[in-house]
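In what follows, subunit A forms one complex with subunit B and a second complex with subunit C.
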Partner chain A sequence: MKTMKTIQLVTLVTLFIGLASCSNDDDNTTPLLEVESQNVSNLYAPQEGGQGQPISGQFTKFDFETGQTTTSETDWDIAFRGTSIIVNGGVSLGTTDEPERTGNAAAYITNGTMASITEVNTASLVQDAATGYAIPSGSGNGWYLYDSQAFLITPIAGKILVFKTRNGNYAKVEILSYYKDAPSNPDTTVDESRYFTFNYVYQPNESVTAF
Partner chain B sequence: MKKVILIVALTLINICLFAQERTGNIKAAILDSTNSSLGFSSVVLMSSIDDSIVKGKITDENGIIIFENIPIGNYSLSISYIGYEKENIDNVIVKVGETTTLDKIVMTEKPQTLDEVIVTATRTVRQLSSLPLPAQIVPKKDILRSNSIRLSDILNEQTGLITVPDFGGGEGIQLQGLDSQYTLILVDGVPLVGRSAGTLDISRITVGNIKQIEIVKGASSSLYGSEALGGVINIITETPKNGFKGNLNYRLGTFNTNDISTDINYKKNKIGINTFLNKYSSNGYDLTENDNLNTVEPFSNYTMNTKVTYDFSEYTALFISGRYYAQIQDYFTSEDLKGESAINEWNTHLKLSHKYNEKWNSYFEFYATRYKADEFLDNNDGTRFSDDFFNQFLIRPEIRTTFNPNKKNSFIGGIGFNHETLDRTDFTTKPEFNSPYAYLQYDANPTENLNIIVGGRFDGHNKYKSQFSPKGAIRYNLSKKMALKGSVGYGFKAPDFRQLYFDFTNATVGYTILGYNAVATAIPQLEAQGQIANLMVPISDFKGELNPETSVSINIGADYKLSAALKFNINVFRNNINGLIDTRIIANKTNGQNIFSYYNVNEVYTQGLEFNTVWKPNSQFKISGGYQLLFAKDKEAESAFKNEEVFARENPSTPSFQLVKDDYFGLYNRSRHMANIKVFYDIPKWDLDTNIRATYRSKYGLLDSNGNGYLDTYDNFVDGYAIVDFAINKTLYKNYQMSFGIDNLLDFTDSQNISNIPGRIIYGKLNIQF
Partner chain C sequence: MKKMKKTGLITLILGILAVNFSFATNTEKVGVLILAHGGKHSSWDETVKNATEALKQNYIVEVAFGMANPTTLQDGIDKLESQGVTTIVVIPLFISSYSPIIRQNEYLFGIRNTLADPPMIMMHHGSENNTMKEEKGHSAIQGGHEHDSMPKDTLHSMSNVKKKMGLKSLNFKSEIILAKPLDAHPLVAEIIFDRISELSVNPKNETILIVAHGPNDEQDNKNWVKTIDNLADQIRTIQSEKGNKFKQIFGLTVRDDANPAIYEQAKEQLRTLVSQSGKDGDVIVIPLLLSQGGVEEGFLKRLEGLNYEWSGKTLLPHPNITKFIQISVEEALKTN
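Then we have the complex of A and B:
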């Protein structure tokens, strides 16, 4: 009998402690949504012009919340055209066919791996401006290097693009390839360019800066 | 008792009388290999019965010796003279009352391998084996036996040296892991110019009239000033020798490569002349079949070199040398652009040396050289597409004096002046460099086993900061077998004209390169033309001067002689280079391209170990081996890896990961390991000699293939490779020599990465001496 009582006591105490700690955490909040790790393949971002000519053409817009491309004028976070990446926040650089920024998105580039960047540095966030995009363009300035001998665009290792979405959520992106089907050794004479493949992690919980 | 004395006395008298009656004479004439008499050689007469010495005498000034009143019998003569092999003549029979005459006893000179001398290390004649500095000699014999044609051929076979192809088609030498622009190349002690992109193309130099090549490693600016940052390579050419001599040399090999040269020498009494002519031509070769261009286009070049020496007296001598080099080569950049490139170079070198007395010597030297390179490209319709020229001129008077107060101490000092101009396409001005200099060196042997050298040089300059370059070296002989040596030196390389005055815009791609001094004028011009989108480095940053690149080099080593036949040598080196000049982007252009300029930035070091061994078990065999271990790194890159700032991908489309310190490989184009082994074998019986030589270079990186800006273990590397050369030489009738050989026996090529290794070369050579 004595043993039985001890077991009951231990069970009760355990249950109590367990419940108490649970209720402490869950006070006044809904459960957190799980962080989403996704891969996007062959996001096609065509452009016209370039090579000294004015660049034009529609941007391919992307929405982190749905994880899909979109044609919506407003419900997008980032958009691609050639090697340019813009955010739905700030002002236009003024190139032809550039969409109007309707949200409050921002971005910055940091050094690290997808695993090592665990916290958003909100002080580093910038928006597109009339003098340049938040993700700078040009070889070696932003996310890629251009090899002028092989005419090859290669994403720079260790560059993580951190975004604030139009709704105030955060995402981190690593671009893997600029060529269709992400060949391991791209050859510009065979492989089609302007097809983005990237990994991203989206924090669906608003204002949470940790991944 | 009296009886005994009488008998002894009688016997003695008897012997004397007997001897006097039964004697003869020996007369001999001693000559050297040119049939000139060899006066004052020592001759020892020995009895053939028991080898006991009968008499010793010195020949008179005409090389004649007479032994008189020698008891009849069988004798042998042993003749010796400094610098000559000992000569033994057996079976010299002395007959009663006769004079045995030996007409011609020809002495042969000793090979000079035992006491090789080097002038480059101290600018005085020094025995290589007693030097406190890491130095090396490539003798003529090795060059001849290897059947080398150009300087690059033979230098590639030396430990720690490798030629690296330049984008302009030249081959520069890498020494102790330092680039070609940090090694000074001298011919008879005066520098060659014409480094259009920093590299001095050493395939420009024929080895046909080279007496020996001297290589001194470690900074030597204390004697030679700018460029002698990594080391000095001095090519010593033949000087006139007594008598009339000449030779004709012809080598024909794969790719229709023809090398023909002749050397004519005359010297009698006071005047000596030596003339050398060489023509070298080739059809070139192509490593990549699928384009319309050759890897090396057809070319032909000529070298002419004449030297005159005149000895005014025993104390005063004049040396005049003139050299001319001309090359013409096809120059194609695509199927539509064809042209020609031409190089014209001349050097004049005048030296008057005077000996005041046993202690004081002076040299008055005057040197002038011009290097001109012109190239053009024409379009298919015959119109001119581009014209480029490069015209460099150097003039240098120098006076130097040596003072040897006694056998233990010597001084050398000199003053001189460099005047240099360059006229070149894409230059903002026609720049002029003026640089006075002075140097002093003290060489002391306080004890028999200790040698100390201290020296320093001051170089003033009208365009950059003056430099003072000190150096110190010490050698201590622990025993007859072992010696320790160490040296510390300062080296510098002045910014070259290109780094200061270049103003070049690539016509097809559109980027711009500006020299440091050109920035202040060129940027405002480009700005006015609306070509600049964004200035990244303010012009005010270019107000100062671009500084010389400097280095401190340390060499510590040991020589170990196990026996006369087996020698070892080890040297540990470190070169710390500061203010390495690199390019950076200073502005973005509106056409999307960038403007680059030069700046002092990097701190780089090269360190490693060199090991050499020679084994000569007998006079027929020589085996030598060498190895260099090298670490060449950029300190900034090292700290970037340490600070976890560097990332890589396995292939371009996999996620990136972080690199650690050990993943940093080092500078481009440096191999961790380089080695060579050479076997020379003589068969005097057949007048034949043969050799096989192998060199190895371990893997190295040419570029950052994964785009993180550094050469790391995940980049693509050029695989390590070995080159094996074989040669056989046969002498006929003493004056004719025929050779056959195969260079690159294994037919190694790497068309993608190595443009200066053409594959297997089979050749034949004929050499006639007259």
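Then we have the complex of A and C:
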């Protein structure tokens, strides 16, 4: 009888230790950070030259992690100058004032809405190259259309820009406007251009490809 | 002679078995319980009821309005069982499977053991049963469609009150078969295609936006959008068989009941898509709603000042919804 009780006690203790260690295992799992959805208004991206003249001027760099523009030479993910958008990955196209790529960023453009693009297609990611940017330039090639009659830059509906950040995280961007204060019907004689307004969703968990 | 007697006995036993089997089959009486949200205007409900009329030739039919409302559901079950129904096929005429309404239905009908979400006890506007009754075994609470009638803070505090309240599963003797909501059924894609065709002039120049109410939960919303994308794919296929493809088709949700930040974001995304698409072509907006009578007016408010084509026509009235119910009942009985 005493033996039985001892066995029961040992069984209970073993069960308790077993359960306790299971609990510890669970505690070691790092919880995923929440996906962040943000809006950026009036990010100014000036350029000099253009219209037949060499383009120059500093790019306005943006860091998805902080959600801020930055002048850092290394801690940036994407950068804007006029209608050009570059990534901190790959190599320079060689235009004047283009920053050196120090990270591992990449990008691609896909069709859909912010809600419908829920997974990064890593096979589609490309970096900037000497032959062209990951986000192609030119009307109808990338994120915008240029109306040569009204001199108007309009984001193309349903174009979502997907980025891999310099550190291997992911973000998706929907450009809303290229004009200051994002007017519904921009008038180029009144509204100042090269002011980006965009929505973005940043996946703060490294290598997680779902949004 | 002995052999004859043995054969006769076997025949007799088989006969009795056959009679019993036939008796069992004949005693099965099928009823259909249609579930639908219900609208502010009585016309919303009437349109749904009209779509179920043809079914009454073959089945005993009841309609229960509300958002997984135990009172109306129990009433529907009781009415069917009082008419001798032994099998009830429940047809949720809801746009998507991905919502707390559907999960609460599963709980109420005993498909789930526990509630997956905080309990919802709410009615639609104009319902005659807008109070939960204690005698039905449920706690008393006023009804009303919260997202239309209450500030969001009130909504949240009410939700907390409900969390503390119990919600019992329904009482039924019949066998219950719960069918699937509308989702991306080909019959739904056909209806939306018909709605687009009524407005379409030059498909290759037209961007189509299929706009649904949408849920609050992020994961649910992703699944809603996937479902609409599936419908969009089917519409592209139908259209490509006819020649010209539409320029683009997008599916999105307006997330009526979500918190203000999500609500505003969804609104801006809708406006942006309409505005951007309109710069380079025509825009057709199609509401993905069951019936006309309230929610679509909110869509119009969101789109104020923008150019787009709109008929406001919802899935009903359309013969495909009656077909959907009929097919769902037949499939449910077949797979049972």
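Heads up, the rule we're going with is that the second predicted complex is superposed on the first by the 183 of 211 C-alpha atoms of A that agree within 3 Å, B and C clash if a C-alpha of one lies under 4 Å from a C-alpha of the other, contacts with A are read in each partner's own complex, and residues count from 1 in each chain.
We take it that contacts are C-beta pairs under 8 Å (C-beta built on N, C-alpha and C of every residue); 3 or more make two chains touch, one makes a residue touch a chain.
Keep in mind the model is a prediction, meaning the values are calculated, not measured.
With subunit A as the common reference, subunit B cannot sit beside subunit C without a clash.
In the superposition on chain A, A:T113 contacts both subunit B and subunit C.
Once the two complexes are overlaid on the shared chain, A:S207 sits clear of subunit B and of subunit C alike. Subunit A is touched at more residues by one of its partners, and among subunit B and subunit C that partner is B. Once the two complexes are laid over each other on the shared chain, residue contacts for A:S37 go to subunit C alone; subunit B is not touched. In the superposition on chain A, no contact is made by A:T74 with either subunit B or subunit C. With both structures placed on the common chain, the touch criterion links A:L176 to subunit B and to subunit C. Contact with both subunit B and subunit C is seen for A:T154 once the two complexes are overlaid on the shared chain. In the superposed pair of complexes, A:T122 makes contact with neither subunit B nor subunit C. Looking at the shared chain after the overlay, A:G138 reaches subunit B, while subunit C stays out of its contact range. The clash between subunit C and subunit B in the overlaid arrangement falls on one stretch of those listed (274-282, 292-300, 310-318 or 328-336), that is 274-282. The contact surfaces that subunit B and subunit C form on subunit A in the two complexes overlap at residues 111-114, 116, 145, 154-158, 174, 176, 184, 199. By the touch criterion given at the top, residues 37, 39, 111-116, 118, 145, 147, 154-158, 174, 176, 184, 199 of subunit A touch subunit C in their complex. Within the complex formed with subunit A, the residues of subunit B that make contact are 509, 588, 591-592, 645-649, 651-658, 706-708.
Contacts from subunit A toward subunit B in the complex involve residues 52, 111-114, 116, 138, 145, 148, 154-159, 174, 176-177, 179, 182-186, 197, 199. Against subunit A, the residues of subunit C that register as touching in their complex are 207, 221-222, 225-226, 229, 248, 250-253, 265, 268-269, 272-273, 275-277, 279-280, 305-306.
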